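What follows is subunit A paired twice: with subunit B in the first complex and subunit C in the second.
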Partner chain A sequence: MARFLIRRLLNMIPLIIGITFISFLAMSLVPGDYLSNLKMNPRISPEIIHQLQAQFGLDKPLLVRYVKWLWGVIHLDFGYSLQYRVSVTSLIAARAFNTVILAVASMVFAWILAIPIGIVVALRQNSIWDRILSFLAFLGMSVPNFFLAFLMVYFAMWMGKDWLPPGGTFSVDYNSLTLMNRIADRINHLILPVFVLGVAGMAGLMRLMRSQILEIKNSEFVRTARAKGLPERVVIYKHVLRNALNPFITMAGYSLGDLLGGAALVEAVMNLQGLGLLLLNAVRSLDIYLVMGSVLIGTMLLLVGNLLADIALVAVDPRVDFSSMASQ
Partner chain B sequence: MSAPVTTLPRLQAAAVAGPIRGGLAREWRLASRTVRASVICLVVFYLFAAFSPFFAPYDPIYQNRSMPDCPPMRLHLSAPSQWGYGVFWTYPLHMVDAEERSYAPDRNHRIYIHLFSRGHLFTTDSEQAPFYLMGSDGLGRDLFSRIVYGARVSMCVGLIGVLISFSLGIAVGALSGYVGGLTDNLIMRWSEIEMSLPSFYFLLALAAVIPPGISAAQRFLLIVAIMSFISWAGLARVIRGMSSSVRSLPYVEAGRALGGSRWRIITRHVIPSVLGYAIVAATLSIPGFILGESALSLLGLGIQEPTPSWGNLLSQAEDPQNLVRYPWILIPGIFIFLTVMAFNFLGDHLRDRLDPSSSF
Partner chain C sequence: MARRLKDTCAHPAGRGAVGLLCLIAALAAGCEVRRPTNNHADQQILYTAVGADPQTFNPILVTDAVSGELLGDVFESLIRVNPVTTLPEPGLAQSWDISPDQKTITFHLRHDVRWFDGHPLTARDVLFTLKVIYDPKVPNSIRPGLLVDGKPLAAEAPDDYTVVVHLPKPFAPLLYSIGIPVIPAHILEPVWKAGNFNRVWGINTPPQKIIGDGPYKLTRYVQNQFIRMDRNDDYWMTDEHGARLPRLHGRVVQVIPDANATYLRYQYGQLDVYAPRAEEVLDIRQKIGTGRLHARLRQIGIDTGELFFCFNRNPRHYVKNGVTDPKLTWFTDRNFLRAIAHLVDKQAIINLVYHGLAVPAVSDISPENKLFYNPNLRDFDYNPGLASEIFETAGYHMVNGRRTDPQGHPIEFNLTAPTGRPEADQICAILKQDLENQGIKVDYQPLEFTTLVEKIDSSFDWDCVLLGLTGTIDPNDGSNFYRSSGNLHLWNPNQPRPATPWEAEIDRLMDAGASEMDPQKRAPYYWQIQQILHDQLAIIETVRRKDYVSWTDSLENYQPTVWGLYKPEWIQFKL
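Right after this comes the complex of A and B.
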């Protein structure tokens, strides 16, 4: 296990360098930078602009800036946000927390519903329930995240503000609440975003579960299990389900990327203060270090998620072990 | 010319070309109702894109300043004696409260709607007395006309994107599988980098590169290029894996043993067996492009005003107040939804027809 972990972590290094360098290059290709707006302002003298340029290192060549930034990242210093005038690290920490909560909650929501529905639907193949739920899954897969988010905002506004908040991370009077009320307030604000993000994931997972079970149900080891007289319940739970869950875990790891992207959109529509919205604002105002920090943290979340999924797969599937994974 | 005749290639050809050979009429009969509806839906949207000036009743950027945020108007059928004026008519709407932007019908007048008139499918005598099938936006532009013109962007982005990413994916995948060695290794590591990207974050960061001053067409192409750049890698990996596995399949070896030339084996055996998968994958990857463009345009980083796209038409809904007062501004979202769903249904159906080996 230790060898596997070290190998995977070492593999991440070129990956992260590659991704951050491309983003860095892209951001420097943009005509103008954060200071171009200030330059337009006649009340700010050229000396101050120069001073700011030197302070943020915007006058240095690209590679120097990149290496400097990377060196800072190693020391957990992600640079300075030109827009918010605080260190990127402190900004990102709070926002990433919100995004992780949103992503994890919607994943749990999707799993809790997708697995049992997928099982029921597969065991009653071609029944009316199978048809209805499969069709609904198709709808859920096809509805764009942002469109569903708009619909939910509309729904919340239509229901009135006493029911569910149509957007935001917490209420205006959040700071005056007690701890329990704060948590309740947060959860209240998360219900709609989690629903929106969960629906898309749930639909895909349900279809995967259904096709997995249908495939495994007809395999030979299941027939053997039946032939040796196991009760149907044991056949389903011990043989069919356990095998059907494996691709699920792999898929969960890889669906993290979609989840982060979807979360960014939902955050933008519902004004949830997460990593995606932070990145969006940073991109809009060409706040280069904030963009870099957000992309980096997003990538790390994804990589760590994939790693966790692989470890979980080893734990669940005895046919897979760390040595076979490392050699892949 | 003719290869040594055995039953093996013929069986193989029948298995591969079977679904296509029956012709389109047979395919249509075999398709389920949902698939037929999807195809019709897509054909209509592509017609929108191809003949926007005909389907759109008005100029998509003409601003009727006296009618911003006008609700969709109700269509009435004329009495047969009035059909000389127009088969359909509507009451003109007048703004009663400029603050609330509420409208009331003027029941003393009628606006007649002319079919196939002045080069439009339907239109009224003037843009001053319009018929807003789906309402108007905040600047008094006809939403339906903007949706029809927006189909140009939203429907083309998928096709062009798939074209680019597939030619890249197939070329690189085939090269990687064929050359092998260090090249193969480097290309595959690179594709791994691209696949483990948080693609939407990356898309956002790259979209900032697009300079503000360029034309709508250039902007469109840049957006498609960026999205293709992000999405070709997964395909290249699969094509590489498939072409190398097909190469050693018994029927390909049989073809080789029978003296088939390399060209013949590639065109008659390898490509057909990969093609089914490629068509399915292409159909199923189109929604990703459409959604990517819509999301970027919605966030203001994609297609810019006044050029309409289904994504940037939705950006008015970002203000919840607008959403509640003028819910018809969500209609473009329904078009995106229908398109994505149609491609999903079609792709699913094609997978059953062309690629029976995969169940999911």
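Right after this comes the complex of A and C.
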């Protein structure tokens, strides 16, 4: 296991360098730079633009800037945002906590509902429940989540002032609340966004669970289990379900990388504090170091997530071991 | 159920016991948390919204509108501009004298202004502010407005409450551009001397550390959520009864990136003020009429900015290896441009794009700029018949259904606009249709803003663009646009010397207008500039929106104008 871990961790280094360099290149190949945003302002003269260019180091060649950025990253300096003139770390840190809360809450919501529903519809394949729930699942997958977000904001307004807030991560007077009220306030603000973000994920997961179970239900070892005379409950929960869960472990690993940036449009509509919108705006205004910081963290989360998923897979599935993983 | 639960929640002893219950209830339906957003009036706190986060709390380094708007309430300037008269009026300077030769301005500062930390504001702060603005190591957008002929102003302080500014020549725009936020020397001078000014007072600074002197102080900022400001109890202004201003106890500015969401939140009562877009004006009017919204709606005037078409006239793009692209000939031909101007269907744009809530734009200066707007310009009416006539007389004939120039080149060009503005797409589609009816082929492709700017600023690779620049009161702020040497002289920027006699004339008028101190005598120079731009069709105007603002019924003394709020310190909620 130690060898496997070291190998995987070492493999990450070239991957991270490759991914960040390509992102850096892509950001630099776009015509213009962050200062283009300022050039149409009649009050900002070309002289000021030149001075800013020198201050931000945007006049240096691409490779020099990249190496300088990488050098900073090695020393845990992720650079400065050009728009906000504060460190990238502080911008991301200000939003990270709420992003993680929202992402984890909506993931839990999706999984808790999707897995049992997936099992039920798979076991009653082609029943009326299967049809209805599958229809709803397709609906959930195809409705764009920002649109659902709007519907929910309308819903909150229709409910009236005292029920659900139509947006925001917490109330304006959050700091003056007692701890209990703070938690209640948070949860109150989470209900609608979690529903919106959870529904789409839930629909996909449910479909996956259904097809997994259908596939495994008809496999030979299940027939063997039934032939042994095991009760149906044991067959389903011990044999079918356990084997059906493998792809979900891999998926959980991937979704760690989605924590960043997955929900920009919903964040905009529901006024949530999150990293998605920050990243989207950074890309649009060519705030290169802010983009690079987000890309770096996203990449690391994805790689670490995959690693954790692989380790979990070894723990759950006896057919997989570290030596076979390492040789992949 | 929710109400009973709230009562229990509020009781200290019962709190722990019902904790879990409260959680479950919150999950199920939302625990009724005490939400102050429901009683803005009791608390005298005004709730408004902005579309983006502020980018800095350092008033000298501001380049974005949101930071500028917020910090305007935290930092005072020497002189303010009255949004109703558009004339300068006293701020930190209670009066000022202009010497007979108009080259020396003496500002007399108020004696009763204190920074939030209790330090008195003196002439030293003003001199320090100017020093920072002129420091080449502190790139800022204030400096260009304070340069006369490219040179900084000489300023001195004969005593603690007098600032004398010497100009190399009379320079009228100074009274507008000297409206700079003054910063506290006793706090920022050491920072500046250490070379750290560019990083001080960023948005991650605790808001209490931002020491200003304005009507409000920053008290809390949560990125992407809201900015909270509280009243500065020591603010120098008083009302007619001697009571301290401002009357509001605070402001909450919510950061809501999506305009539709902002509108919903206004209807929900979470925001007290909203500037509706054209399609929302009728909706609000109807909701007020049927009593579903307790608010007022007022047209505050004509927008100070507008969208216009501009054709590229830059030989650096069209003349390559001694060969001139025929496009340059068309785009500098007044007959061609006049015909195009007669093809801009302003009424269709008003009706289709702005739901009737706009007026034709004639000049680049808004009629709201009462001092400098030239009312005598004659608009180019929409008249396709006249346009074909002009084309035909000028030698642009129809050949096989295509309009061709006298040399036989079929006329076609690219049209672009920044992405993300639906109205720009619609206006371009309307013009494209009218041009196609005239046999002119137009390729419309909207571009991401930064890409478009690079084309206009550096590569010059464009034919026609639909663009808008925001209007300011003093036309001299638009120097970069009017002057042939300016980088925003869109159609042919950064000219070493004026390419045409009329551009030379505009340059001359800009100089003459800036040196005339009397506003009434200044105006004619800018009227002439508008006339020249109109005659030469350097830019082809479309329309100007009518600006509306809606605010909740309980708000008093709310007096919005297109140039900002009039007497904002008097705003309060009815009790």
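The rule we apply is simple: the second predicted complex is superposed on the first by the 289 of 328 C-alpha atoms of A that agree within 3 Å, B and C clash if a C-alpha of one lies under 4 Å from a C-alpha of the other, contacts with A are read in each partner's own complex, and residues count from 1 in each chain.
Here is the rule we go by: a residue touches a chain if its C-beta (ideal position, glycine included) is under 8 Å from a C-beta of that chain, and two chains touch if they have at least 3 such contacts.
Quick caveat, the model's predicted, so the values are computed rather than measured.
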Which of subunit B and subunit C A:L5 touches, first, second, both or neither: neither
Touched partner set for A:A315, first subunit B, second subunit C, both or neither: neither
Greater residue coverage of subunit A in the superposed arrangement, subunit B or subunit C: C
Contacts of A:V108 with subunit B and subunit C, given as first, second, both or neither: neither
Contacts of A:L139 with subunit B and subunit C, given as first, second, both or neither: first
Touching partner for A:V291 - first (subunit B), second (subunit C), both, neither: first
Partner chain(s) touched by A:V64 [first = subunit B, second = subunit C, both, neither]: neither
Contacts of A:I191 with subunit B and subunit C, given as first, second, both or neither: second
Which superposed partner A:Q51 touches (first subunit B, second subunit C, both, neither): second
Touched partner set for A:L164, first subunit B, second subunit C, both or neither: second
Residues of subunit A at both interfaces, subunit B in one complex, subunit C in the other: 30-31, 150, 153-154, 157, 166-167, 268-269, 284, 286
Touching residues on subunit A, where the partner in the complex is subunit C: 30-34, 36-48, 51-52, 55, 83-87, 90-91, 94-95, 150, 153-154, 156-157, 161-173, 175, 177-178, 180-181, 183-185, 187-188, 191, 267-274, 277-278, 281, 284-286
Residue ranges of subunit A in contact with subunit B within the complex: 14-15, 18-19, 22-23, 26-27, 29-31, 138-139, 141-144, 146-147, 150-151, 153-154, 157-158, 166-167, 207-208, 211-212, 214-215, 257, 260-262, 264-265, 268-269, 276, 279-280, 283-284, 286, 291, 294-295, 298-299, 301-303, 306
Subunit B residues within the subunit A interface of the complex: 189-190, 192-193, 196-209, 211-212, 287, 291, 294-295, 298-301, 314, 317-318, 320, 323-324, 327, 330, 333-334, 336-337, 340-341, 344-345, 348, 359-360
For the subunit C and subunit A complex, residues of the former touching the latter: 2, 9, 15, 19, 22-23, 26-27, 29-38, 52-53, 55-56, 61, 63-64, 136-137, 139-145, 198-199, 202-204, 220, 222-226, 228, 252, 254-258, 260-261, 264-265, 267-270, 448-451, 453-457, 459, 467, 469-470, 472, 477-481, 487-488, 494
